[in-house]
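Naming follows writing order (A, B and C), and every chain is counted from residue 1.
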Amino acid sequence: SVTLFGVLDAAVAYTTGSGPLATSKWQLTNSSNTFSRLGFRGTEDLGGGYAASFWLEAGLQNDTGSGFTTNTNNQSSGNTTLGGLTFNRRSTVSLSGPFGEVRAGRDYTPTFWNTALFDPFGTGGGIGANQIYFSGFGGLTSPTGTRASNSVGYFLPPTLGGFYGQLMYAMGENESRSDIVGLLPTWSHNDGNYVGARVGYLNGPFNIALATGRTTYTLIAANLPVSNNLRVSNIGASYIFESLWSLKLMGEYYDESQGTLDGKGALVGFNLPIGASEIKLSYARYEREPAGNVPKPTSSKVALGYVYNLSKRSAVYATVARISNSNGASQALSGSTTSPNHASTGTEFGMRHAF
Amino acid sequence: SVTLFGVLDAAVAYTTGSGPLATSKWQLTNSSNTFSRLGFRGTEDLGGGYAASFWLEAGLQNDTGSGFTTNTNNQSSGNTTLGGLTFNRRSTVSLSGPFGEVRAGRDYTPTFWNTALFDPFGTGGGIGANQIYFSGFGGLTSPTGTRASNSVGYFLPPTLGGFYGQLMYAMGENESRSDIVGLLPTWSHNDGNYVGARVGYLNGPFNIALATGRTTYTLIAANLPVSNNLRVSNIGASYIFESLWSLKLMGEYYDESQGTLDGKGALVGFNLPIGASEIKLSYARYEREPAGNVPKPTSSKVALGYVYNLSKRSAVYATVARISNSNGASQALSGSTTSPNHASTGTEFGMRHAF
Amino acid sequence: SVTLFGVLDAAVAYTTGSGPLATSKWQLTNSSNTFSRLGFRGTEDLGGGYAASFWLEAGLQNDTGSGFTTNTNNQSSGNTTLGGLTFNRRSTVSLSGPFGEVRAGRDYTPTFWNTALFDPFGTGGGIGANQIYFSGFGGLTSPTGTRASNSVGYFLPPTLGGFYGQLMYAMGENESRSDIVGLLPTWSHNDGNYVGARVGYLNGPFNIALATGRTTYTLIAANLPVSNNLRVSNIGASYIFESLWSLKLMGEYYDESQGTLDGKGALVGFNLPIGASEIKLSYARYEREPAGNVPKPTSSKVALGYVYNLSKRSAVYATVARISNSNGASQALSGSTTSPNHASTGTEFGMRHAF
């Protein structure tokens, strides 16, 4: 009653920046087409439409044999040490039934999904991966940008005529000290608490989803607490043109803020299957919105990918990508650094095997 | 020939202390009903009643996806870093036959079992778990309080008319330096060595077991070595009243000492199955016994649990618990802190799935 | 389509040195007969002789339940923290066909194999294990002495009439900074790059293989870069005398250098199966070759082993070993230390179970 599953994906990648501060790197990367993982999952039928299930999924850095770190409290203080295998991707136990599903553990945040699903390259480790996710402060670098620990989630049942949705509440698990005489309350005892929701509608070739979430954080300025909450909202949609060789067009609009920081991003892309081949193209743009009447640092990325499917489980692939910067931005493809207002380019060639 | 097995158990828990230093916390906890784990085990029949077998079992913090740390030398210096999965629960290879079983690796110490088995809540991560184990210095916080690394164990065969028993010797693996000219001998080269035994008798509804063990530790006081050995002894028993809805009554008496520290504990409890339901109640008391004619810091705990079994493998459950303190003790339920002589209370609601 | 496999091997070992600085130790060791491991592997047939496959294999310290560390960049800076399970032994995805096999990830270096395969005791954790591997700077202690991360390997197909061979290139993944105006180039951006090859010929009872490899490292001396490349070359051979109870004779010659350091080693040994028993003997010698006309620190090891196979998968075994030192060498069996020019001896008794 246990399914063992996983993916190994490895690519040789070269990325380089430009300008006086540029660096470049050759790497063997993991997860460029599909995220490398090892997992264990299972479901027990309880009768009457009810089921209990579990899901343990560990990310793999298969270029080095190490696992990925996880985060224990949805705050930067909870990052674990790099090395051993953790079930960082998902570690949940669920009870489902006609009412939907209740799920507890470490799981994806509702605000993550649109970024991953409405991008032909997703959010993996490849050079084509979602630019907004890598540029923004609410994506890759945020403890709740992808998943949250200590979460309880609720999912609508799959019987609502194409409507789907989920809610999540996750705990930062800080101590409350409000009873301590002579001490001020600890302002940050709600830090790392996440609340978010996602709703969508899927009907034949058309899919659309909307998500919003907030993670509570506090800064102390001049001995007073200042809210530093992270808010992320996004909307994504896709349409499959069956008559055009099943061309799948997709796009996302993304908005985030934290304290006085603001950022916005948008992406359009497509996936075109041609026999065993697949062509992928994406264009994304992300801009910071500083306070005041100043230029907005902006980076944009274009990525073109080719995948040749050797089977349903195995593929070889190649990608080229380029990030452009303006107004002081200096985003670069992973592995390289680039000077402000200069571009970064990269090429990768890899293989992926799922089991 | 490999069995993959495990448990995922998650609960929403709220614990709070009282008094001027009290703190409280909301948490998603793991292992409140049954310890979360992922394991691999197998047995090879060698013929003639002989068998070779292995057992690898990793603890899971499924609320965050991380593993548990292990300890490499039965001393606090051997604690590993939190993060990746380790086979901290058990990692053994065995040879068994008519003579019994010889087992090598990391395994439970004989002195642990009575605390876990003769408590209706066991020693898991829940708020109802064994108070003696969490309060004492020979339980949760001791490197050999649950398991020992570098151990060789012997188990009696299961053919002795209800008598059972085990011996364990585990090594601290310190260097011996007795040959170094001009240096004093290293007094602590036996630190982390554990020796223990457990014997019991099981006959129909009745079960009783006695265990004792010693871990060698040394302190240096005034440049001289002073023994700081940890000694733990306990006795546990249970009786199933078949005619009273299979009510299982159980209890333990526990005694520990380390250097000049002494502690004593006792527990009574029961488990009452009613159809798919299960009611559990325990009362435990632990007291420190300082030298001299001074009050003995004492804490006691009462826990009441309800389990609804959805199947043999899956359950939902709820627990309430309260710890009381006197004579300066300040034990609190995990996640909270309480003032000396004040109480700590908690509630949890969770689900457990085994596979 | 996933095979779960592994080995658990544990032994009680006593090792001791001699002379004024000697220490001794009792240990429960792992991997003395066969390296302890847990692995997942699988192959997908793609038709036409092509296949995709993966291999994930984690080393196990089953005496303590911890994993082994891995290394992320083939340099000492990339060592991970001890604790959790990593796929340190092998973590690869492959595409194979009539052309051979292309393999990417973390894998054994070509220069490792002769040391492991042409020694009756191999390179495991036992006291009999290959002396050259433990003494030299290009073996156990080198980040590329056993395996390399970020590697791409090519293997000849198994259809070449007994000829076999492999190539590996592995990346240190350092940044190139050659474009930075006003800064000198980073001399060490090639550090951790490994290139190596192995070719061999297997025909009936006869097997011979030759390997050579280089890992790039740089030292900075007087503000100038000095090559500190590690070069390892070796040749190994074995012959099975079918008419002499299948006695297998084997030997290796080994040569290494790094910067101004040089070392040489040689080994002869045999493996003699007698019914369910196996007798193993090896003699190895390793000498450092300092610059100038000075004595060469030399250590030699003799190891005698007895294995009783309970089945194909399970065995009990015993080993005795002795290392002798001269010209200032002070090599000792693992767990002990010995004075310069003094001997170290050891005994172990263990069991091994594969699954």
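The definition used in the following text is that a residue touches a chain if its C-beta (ideal position, glycine included) is under 8 Å from a C-beta of that chain, and two chains touch if they have at least 3 such contacts.
In this text, all values refer to a predicted model and were calculated from it rather than measured experimentally.
Here subunit A and subunit C face each other with different sets of residues for the most part; under half of the interface numbers are shared between them.
For the copy pair subunit B and subunit C, the superposing rotation over Cα atoms measures out at 120 degrees to the nearest 5.
Rounded to a whole number, the gap between the C-alpha centres of subunit A and subunit C is 39 angstrom. Under the contact definition stated at the top, the residues of subunit A that touch 2 or more other chains are 4, 67, 81-86.
Subunit C contributes residues 1-2, 4, 40, 42, 44, 46, 50, 52-54, 56, 58, 67, 69-73, 78, 80-93, 95, 102, 104-106, 149-152, 170-171, 173-177, 179-181 to its touches with subunit A in the complex.
Across the complex, subunit C meets subunit B through its residues 4, 6, 8-12, 19-28, 38, 60-67, 81-86, 310-311, 313-314, 316, 335-337, 350-353, 355.
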